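Two complexes are shown next, each including chain A; its partner changes from chain B in the first to chain C in the second.
On to the complex of A and B.
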């Protein structure tokens, strides 16, 4: 038995928002449950009400194309990873999702749950940040959208209101972007990232976006970096310096701050190689 | 309390469960299907793996109420008509079982893999069982068992095709 809560399988998003509003902060949306049920079991959370949206068809769909992609809140990670067009359209996001947990877990876990959980180590977060993803939200006062860069408020905290449900994540046009994801972890499938990072490079605009996870209370999106240097080595040093100034890693159960500071430049270099120095890349 | 209807190994079931009960507890404590094991209870060991609508999931991280309307398959469904399944026999033949605690979960993960990829590469097998911890065998014999089962199933299919 887990905790002490009621369970509602909702028939409309409005109904779900209403239940959450009535629970006044003591309610939680149940998606895959792979974070929520563990936290309830470990006593870290004790919601009185779980609102299950998985019965709603509107949240169980995704559409992918070059101009815009939308991923519904109930779509399981494996549905995306195993979708050929998704993988080729958003390779870095597919890599990040495929690196999450185990096969069994990815049959339940969702992309929306990954960011709503707001772990600093959430693997989807850096990629969504560099892709300028937008979070679509429903609440008792109606729908709104939140750029993912304004979504995280702290460790395990988002800017969602207690009555709000994320309905989908929208990804804007890819417009020739090259993207990459890198992750350092201790044990594949059984641990979170020690450091993760994503990059998106626009060859047309010569602008690089980088985002770093597990090195601050929230995933960090750096200001866009102009790529004008002819000297790869000097450019890499400049980027690494900028990255290290933007983060504030701590020592925790997974790694020391020193280790994170040492690994981060390596991941950033690998991303630069893939996106800029090797020429090709996805 | 919540009334739920679902199937387990093809049999229709009905149960009245509290919201806080996991699918794992429902299977073990209510339905006495104790083949499914609880190792960690937090999604890390895979001992509780069952198939939900044909796909492997960890039953410790799913509520019993969430099973309403779904099909569940457990290790008890492997041996049909009293005989061992091809997967079970392959685990015995390659020596892939020592203490046996991980075996039900391993076989369910392997079953899920063979459902979606009948001719898996070793890499596919490793990825499919990465969420199943085994403290005894060192995994090599388990990978060999899944390979052997896939080969035997393909052979049987071919045999049928020829005759």
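On to the complex of A and C.
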């Protein structure tokens, strides 16, 4: 069903980068495989080489604390969702991850895979964007870091070079941020986002960050918004206007542009309520 | 004296549960025979096109390819009711996804690779996507040769040189006059899109062409004998030379009735020199190549008196059959004779047209047209009640069929039909119909309640029959042979209960094998139409009686007592009142041996039969006649909550009442009702094919074709099972298998009006549709 490709289970990241460099663009990194294998099966991708990184212990680790969190490339979503400290430290991210696929899929799917797949609807993306997450990358020329906001290049495209492997995602200190994630699906069960959105509000700095998914070729991070209004409704209208200007939703089999445009302000409004107006956001 | 039932009516656990959860159950998908080949298909990329040329030369050269077939050499017309289908497309393709070339190879990868080397030239033709357009005089013909096709005469009426595969008429009383004279009139139109059955096991068949033109088939099917019959007719073979096995089946829901992939697997095997060939539908092919449920456009006119009595009803049903209508014609027929709902209507006029279009074709689907027809009828009843200013429950009560009424085909309604009014009252009471919904906590949400009736009778030929054989084992146990298929509905468990009850043996000693084999299992028409427990149950009762007669006959000689003075209990036969003098069945099963060694009797094998009783063909001009072996009535009430900002709908409660006649197994019956309700939710809220303007199916996979998941099951569901006995039913039972999903969309549509004041006429009621209508309403007010 999958056709022919070379399969390498790598013993080091350097080895993996070397193989990918030799494949010169015809290689793909296999972590959970929940997107990649489906795309190969459907003929959307036909890599000549699969570099399986699941065997590397160094990638299957994560650490979470208030100052900094790092999540390795082969950590499965359920490992994170079911980790109490992760859940309480990054509740919006945990919500986003828990909305991806089914429980069974989340046993395989990874956070790093979610962003490397670079779907405009990637559920983790808006949260990572508002949290200023950083992508840790290894390549033949050595390691580098890429802010998530510079990671997405288009529909299913990233700014990674062909030889590069994402090794981890790092989340900076929470520093009192309140965060929220909202997703509009077509059904309560597993579904891709018709629209998704995340917000992070710093009460100390009085700054709000918003990111929107499924409404443009890539997830969209808005410029930080200063929160100084006394009038909640006027402020919400202002934010929604800004959001709608920043996106360009399309009509597809999942939803019409009209529905996306109608629901997006509602998600934003609900995020504002949770983060600002109710004052009880985590 | 009535004997207390030990098994019938008891919550006996499913007999197949352990095999299924441990993975021991083997399905056609699991089957692997020595030397077996695998199949890939080249599908039509056009909804309608002429095949100019097919170049298979490169594909044939591929190492490991054993057979490459096109429609050219396959001059067969297949079908159960109307022989309108070829094995592979010939000359023209009629839907996007239609198989054009089939390749059998050593591995699936090889077959797929070879398919990519096939070059097909098409000349695109105009495609008909709306059956209403297809009925126009000027429309191109999807089947120009319709007038030459064989079909079941006297039952179906294909219209030559048109796209109408069947026109079913129902005429009762004088509609025009009654409508004209009535106080209040209403006309409304409704639409249901085509949907998929989505069984867990996609269609699969393995076939082997054997020496001497014999065929052996293993298939995931609801219909072992129908597959055998249609193959033998198609290929001109004696029935006994076609042997059909049906192992465990992973769900059917009607989609595996009639013929599926079996003929294709056979012709490939024949072309590959008799190597067994497996054909398995991918999930995408299950959507866009194999049949679906037909779409339906309905227009309903109702007229009442001022006091709410329906005096006339007219319906026009236009079925979107898709490219082939072999099975669809029978849906157009059966949904017409049920097409006015469970109401007493003196003046009724129904036209039901089954119309060819260039889309994936339709077939049987749980509910057999009734969910579709009752979407319109039960919404229209609410619309009419509102026009009258009557409560929807009161309006229905005023018009429900009661003893002394006749149905729209002239059948007298009796107490033996069950009690639709009781069903209605039960669901109204349980949902607290008279009490408005409590206001939701969140201000942007609203709630509402809705109610809907349902009914359905088995749609089957007047001669439908089945047989059962019971063989007694050495240990006094019983092997029951049937060829109805238990593809998940639980019938074998129920048949075991009846067999144990009737044979007077512990249920553990009754065995039914999950494999039907036409070489050994006795005849059964098809496992469809909610009639297996009814017909199979009756046949089991007769077969068990036959066994007991044989037991008593031999025991009478052994005990020197007249057979009529013997009774049976606990697997023992004994003179009445003297259980201590009994002989266990184990000493009779193969024959009885006296102390001196003399033996009498012989292996005990009982058989039982059942054939539909008293059914008639419907009059071609009026539709009058007796089409129904029994009717099952029911009702649902629902409470919904709608998020008016996103259109999201949440089902707070669904109450279902069905008049089962007798609940043979409450555990299985409740499970079947819950399953049906959830499947009905799919049709109500999410499911529906989306085509582009060229007729390409845009959502042929679960990514964009959403079905209810565990998370979508309503917070509360309640099942009320009534037991007004069915005369002639086993223990008074009637079928309830399909019924729970019927009218779920109607009840939800009615609840949405209550919540929002919006009349929905098109399914599915997805969030986007709901929000769009909410916004339209806000803008217009």
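The definition used in the following text is that the second predicted complex is superposed on the first by the 279 of 282 C-alpha atoms of A that agree within 3 Å, B and C clash if a C-alpha of one lies under 4 Å from a C-alpha of the other, contacts with A are read in each partner's own complex, and residues count from 1 in each chain.
The criterion applied here is as follows: a residue touches a chain if its C-beta (ideal position, glycine included) is under 8 Å from a C-beta of that chain, and two chains touch if they have at least 3 such contacts.
Just so you know, these numbers come straight off a predicted model, no measurement behind them.
The superposition on chain A brings chain B into a clash with chain C. Using the contact criterion defined above for the overlaid structures, shared-chain residue A:254 touches chain C, although it does not reach chain B. In the superposition on chain A, the chain among chain B and chain C reaching more residues of chain A is B. In the superposition on chain A, contact is made by A:192 with chain C only, not with chain B.
By the document's definition of touching, of the two partners only chain B reaches A:7; chain C does not. Contacts of A:263 after superposition on the shared chain: chain C is touched, whereas chain B is not. Looking at the shared chain after the overlay, A:101 reaches chain B, while chain C stays out of its contact range.
Overlap of the chain B and chain C contact sets on chain A: residues 1, 3, 102, 188-190.
In the complex of the two chains, the chain A residues touching chain B come out as 1-7, 9, 30, 32-34, 37-38, 41-42, 50, 52, 54, 78, 101-105, 107-108, 188-190. The part of chain C that touches chain A in the complex is made up of residues 108-109, 112-113, 645-647, 685-686, 690, 698-699, 703-704, 706, 708-712, 766-768, 771-772, 775. Listed in rising order, the residues of chain A touching chain C in the complex are 1, 3, 102, 184, 186-192, 253-256, 258-259, 262-263, 266.
Against chain A, the residues of chain B that register as touching in their complex are 2, 18-22, 25, 41-44, 46, 49, 52, 55-58, 61-63, 65-66, 68, 109, 112, 127-128, 130-133.
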